[in-house]
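Here chain A shows up in two complexes: once beside chain B, once beside chain C.
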Partner chain A sequence: MALLEVDGLTVEIATPEGPVAILENLDLSLERGRSLGLVGESGCGKSMTALAVMGLLPKAARALGAIRLDGQNLLALSEEALCGLRGRRVAMIFQEPMTALNPVKPIGQQVAESLRQHLQLPRAEAEARAARLLDRVGLPRARFPLGLFPHQLSGGQRQRVLIAAAMACGPDLLIADEPTTALDVTIQAQVLDLIAELVEAEGLALLLITHDLGVVAEMADEVAVMYSGRIVEAAPAETLFREMAHPYARGLFAAMPQAPGSTEDGSARLTTIPGRVPHPAERPAGCAFAPRCPHRLTACAEDPPIEQLAGAHWVRCLAPQRGAPKS
Partner chain B sequence: MSPSLVETRQLSKDYLLPRVSLMAPPPRLKAVIEVSLTLEAGRSLAVVGESGCGKSTLARLVTALDRPTAGSIHFDGQDLTILPSAKLRRLRRRFQMVFQDPYGSLDPRHRVGRSIAEPLRALETDLNRAEADERVAEALEDVGLQPGDVGRYPHEFSGGQRQRIAIARAIITRPSLVVADEAVSALDVSVQAQVLNLFLDLQDRHGLTYLFISHDLAVVRHIAQEVAVMYRGRVVEFGPTARVFARPAHPYTRSLLDAVPLPDPARRRRGGKAQVQVPDNALSPPPGCAFAPRCTRAGARCRESVPPLEAADGRQVACFNPLD
Partner chain C sequence: MATKVGLAAALAESSKSRAFVIGGAISAFFLFVALLALVWTPHSVLQMAIREKLQGPSWSHLLGTDQFGRDLLSMLMVGASNSIGVAVVAVAVGLAFGVPLGALAAAKRGWVDEVVMRFNDFAFAFPALLSAVMITAVFGPGGVNSIIAIGIFNIPVFARVTRGGALSLWQREYVLAARVAGKGTTRITVEHILPNIASLLIVQGTIQFALGILAEAGLSYLGLGTQPPLPSWGKMLAEAQTMLFLAPQLAILPGLAIVLAVLGLNLLGDGLRDLLDPRLRRAR
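Now for the complex of A and B:
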């Protein structure tokens, strides 16, 4: 059994015009020691998926289906039971290291917080452990005493503090929502290295949310591409980058500028995807990507079925593309 | 050779930080150190580097939003540092800026038409209402928005459309130079591609000159013919983008390029031991090359003196042990 199994997850938000589905019939599965990348443009539902797994959906939202952690359905748990899981078995790193930390609390306390809360460790022991954790993420106590405040650290260092806090109770599942988007490329590389190393050393499962296909290619074993609240393609990373099938995935790939070291003419126009992700309340019937799709068929007005292209390669499209994607 | 539109000579900017104690002199942060760059009309120059390397300060100096501590900036032959303020004001319509955050750079309570027309009201006061409206319509069309959009508010637009509005505001005075500070970094890749194409189209149509400030090397490779790599306030490598990125000479340029994640799982590099970089103090830089503490090629000489920026292999590089 996989550590995390998301089974037919639908999240609806109540609006004056009736319920609107933010996520529709999502299926995901993630084993221990593996990493799953969730990609798509803003507004596709990536972060909402993470919040659903954390049990942090907004009050107006209603979740249907099941999210199972080690077989236990999180959606059926009480808030109290969820509090016992959050930070202990499931931890999350957020995008904004500037706002995710409490500015008026020293970093040592913030890392030790979940140790005190979940493991009821006495203060001295929790602090000793916090110091070891900070050392583990590259913030040795000699230079980075526990009494430092977030404003005394750079963005990359703050992200390391968040990672240390997330790792404090030895979680089984780590959710990282755009963990490096706000960072410089060199710092991004260091933080990604750190996350990859921790995942490998601790045998964690990693759910990585990003819009950067480069980051996904470097970090994820499996990739799920989301569009407008649905997963439109899922495959092992090597398969996906070798033979992307969904026109949306190929469109994202083609919109990326060439690698900086490429010798091709730089000034050619980039391929773009016309239009934008529809608001969930205005999602067209059938395939939601059809209005923007260059390979649209009349049959796309109906919901496309999920098709298995190869072993673990699934796509939700009537006109899946073949061969290597063009960049 | 086309004439240079912008030329900076030995440009330096120090910022005085708050005093640590009452008697101590205020610490001095050298944000930009002796930067000499030329930007030819109709071409694009990108400045890359990590946060804090001085690239945004350079943009502020070039657009005369900040005065340099030393050195000069020549715009179309006129020295911006000594130009009387009335003349400088008249010259301002020829250089405009586009900022990173399309949510913060537009006043949420102003209709889009008013925001776009604002540079005209400040810099081209001789225009009458009808002429101004015409220019706004022209600028909107130029960036691919509808004429009816003038009456709408920023919140009615997506991030990409807002960035188009910010670009319309920048080109409404028909400038020669547009300085774009991280203008596409906040956008999704599909929207980023649209905005990058717009920048290229506008350049073709109006012969614009761009100064791009960015930390995204792939974007820079795509849009700029020339690139200047900055580290700790100094330009460490400067030359044609294709050449510099294909075969970097400075070890810092190499490390920036190596850090870019590539969309190809076969070339994955993760899994090694995570590197921890010990940050040094920007207020008391080492005496020699600022990059030496991070550099694997640094020798004794690198720790003693600052390498000058010198021509080598079709570019300029400031390094005693450049890569081949």
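Now for the complex of A and C:
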């Protein structure tokens, strides 16, 4: 059984015009020791998926379906039970390391906090553990004493503190929401290496949320591409990069910046996908991507069926493309 | 990364703010006098010596005597400890009830927030001093009742400040991070919200402290605060009123004490706000 199973997850937000579905019928599954990349543009529901798994949806939101962790449906749990799970079995790191740490507390305390809360460790032991954790993420105590405050650290160092805090109780599932978006490219690579190494060493399951296909290619075993609250394509990472089928996924791939001269015709012009993600309340009937799709058919006005292309390669499209994507 | 942390840096920084230094010095002086008056005054303030009434300054009575021959300096000193004592307790009452109420309102939102804030508006709608007069009139004049009366009207002030600060903090990412780490509402409030609004509360505390001194003086002036024979600044003003042409120093000195104490505390509050607010710090 997979560690995390998201089964037909639909999240609706109540608005004055009636409920609007921001996630629709989402299916995901993630095994221990594997990593799943969740890719999509801003506003497609990636972060909402993470919040749903953590049980931290906004009050106006209603979740249907099931999110199972080791077979236990998280949507049916009480807030108290969820508090016991968060930080202990499911941990999360955020996009903005600059704001995700409390500015008035030393870093050692912030790492030790969840140890003291979840494992009821005494102060001294929790601090010793925190020092080991910080050392593990590349902040040795000699140079980075526990008493440092967040403003004394750089963005990359802060992200390492957050990773140490997330890893403190030895969680089973780590959710990384755009963990490197706010960092420099060089620091990005270091932080990703660190996460990959931790995932491997601790046998974590990693749910990696990003808009960066490069990050996904480097980190993920499996990929799910999201568009406007739905998963439009899912496949093992290798398969996906070899033969992306959904026009949206191919569009995303083509929109990645290339080094000048590396394209066939030598141009360095950035490809874009015309238009923008529709607001969930104004989502068109049928395929939500159809209005922006270069391969649109008249039949796209109906909901496209989910089609299995190969073993674990699924796509929600009437006109799946073949062959390696161009970039 | 050679930033100085802790007390040394805080002191170095604080000496740059003139308001903080002057206000701090005045407040410290009054605090010292108030503490000293608890253990020692030049003369007893309860002892009358009619033959020595209305004297000018002399070596035995540095500031002279009042119409009953009591030493004016001693009375001012005891008045200081009296005023400061009332203000301290009144601020403490405001903090003890206002902060939990405000934090609760910000954490729970919804109807809890509505109830707390409407109750707040209700308390704000009354002029505080007038209501304090009413409370002391109903429950009888005296030190303790005036403390309660002034304290009650500090509660909505602190509740509002706490709620305002906490509301914006609840939107911060580190609060979300704390929730993700499995912390409940109470824990987040204690560990993340309150430490971040401590500076707001300290500043508001100094301002309420000054207002407390003024309110105590006002109540005593009306005869509703500290009762005779214990002296207080407000009562001294009231008694000196009738002899304003005969012995003006009897009114001027306690009036000056009130002005100075309030001025010092307000300067201290301004200085503290400049020092503790990082946005203003960068702008300076």
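Throughout what follows, the second predicted complex is superposed on the first by the 317 of 327 C-alpha atoms of A that agree within 3 Å, B and C clash if a C-alpha of one lies under 4 Å from a C-alpha of the other, contacts with A are read in each partner's own complex, and residues count from 1 in each chain.
Criterion: a contact is a pair of C-beta atoms (placed from the backbone, for glycine too) under 8 Å apart; a residue touches a chain by one contact, two chains touch by 3 or more.
Please read all numbers here as calculations on a predicted model, not as lab measurements.
In this superposed model built on chain A, chain B and chain C occupy separate space and fit side by side. When the two structures are aligned on the shared chain, A:Ala100 is found in touch with chain C, with no touch to chain B. A simple residue count on chain A separates chain B from chain C, and the partner touching more is B. The superposition of the two structures on chain A yields an angle of 80 degrees at the Cα centre of chain A, opening toward chain B and chain C, reported in steps of 10. Judged by the touch definition given at the top, the superposed model places A:Gln258 against chain B, while chain C stays out of reach.
When both complexes are overlaid on chain A, the residue A:Thr186 reaches chain B alone and has no touch with chain C. In the superposition on chain A, A:Asn73 makes contact with neither chain B nor chain C. By the touch criterion stated above, A:Thr15 is placed in contact with neither chain B nor chain C. Contact with chain C, but none with chain B, is seen for A:Cys83 once the two complexes are overlaid on the shared chain. Of all C-alpha pairs spanning chain B and chain C in the superposed arrangement, the closest lie 7 Å apart. Note: no residue of chain A belongs to the chain B contact set and to the chain C contact set alike, using the contact criterion stated above.
On the side of chain A, the complex with chain C involves touching residues 54, 56, 79-80, 82-88, 91-92, 94, 96, 99-105, 113-114, 117-118, 147, 149, 152, 162, 165-166.
Of all the residues in chain A, the ones that touch chain B in their complex are 41-42, 138, 143, 154-155, 157, 184-190, 192-194, 196-197, 200, 211-219, 237-238, 241, 251-253, 255-263, 266-267, 269-273, 276, 327. The part of chain C that touches chain A in the complex is made up of residues 1, 3, 5, 172-174, 176-184, 187, 191-192, 195-196, 198.
For chain B in complex with chain A, the touching residues are 50-51, 158-160, 188-194, 196-197, 200, 215-223, 225, 241-242, 245-246, 255-279.
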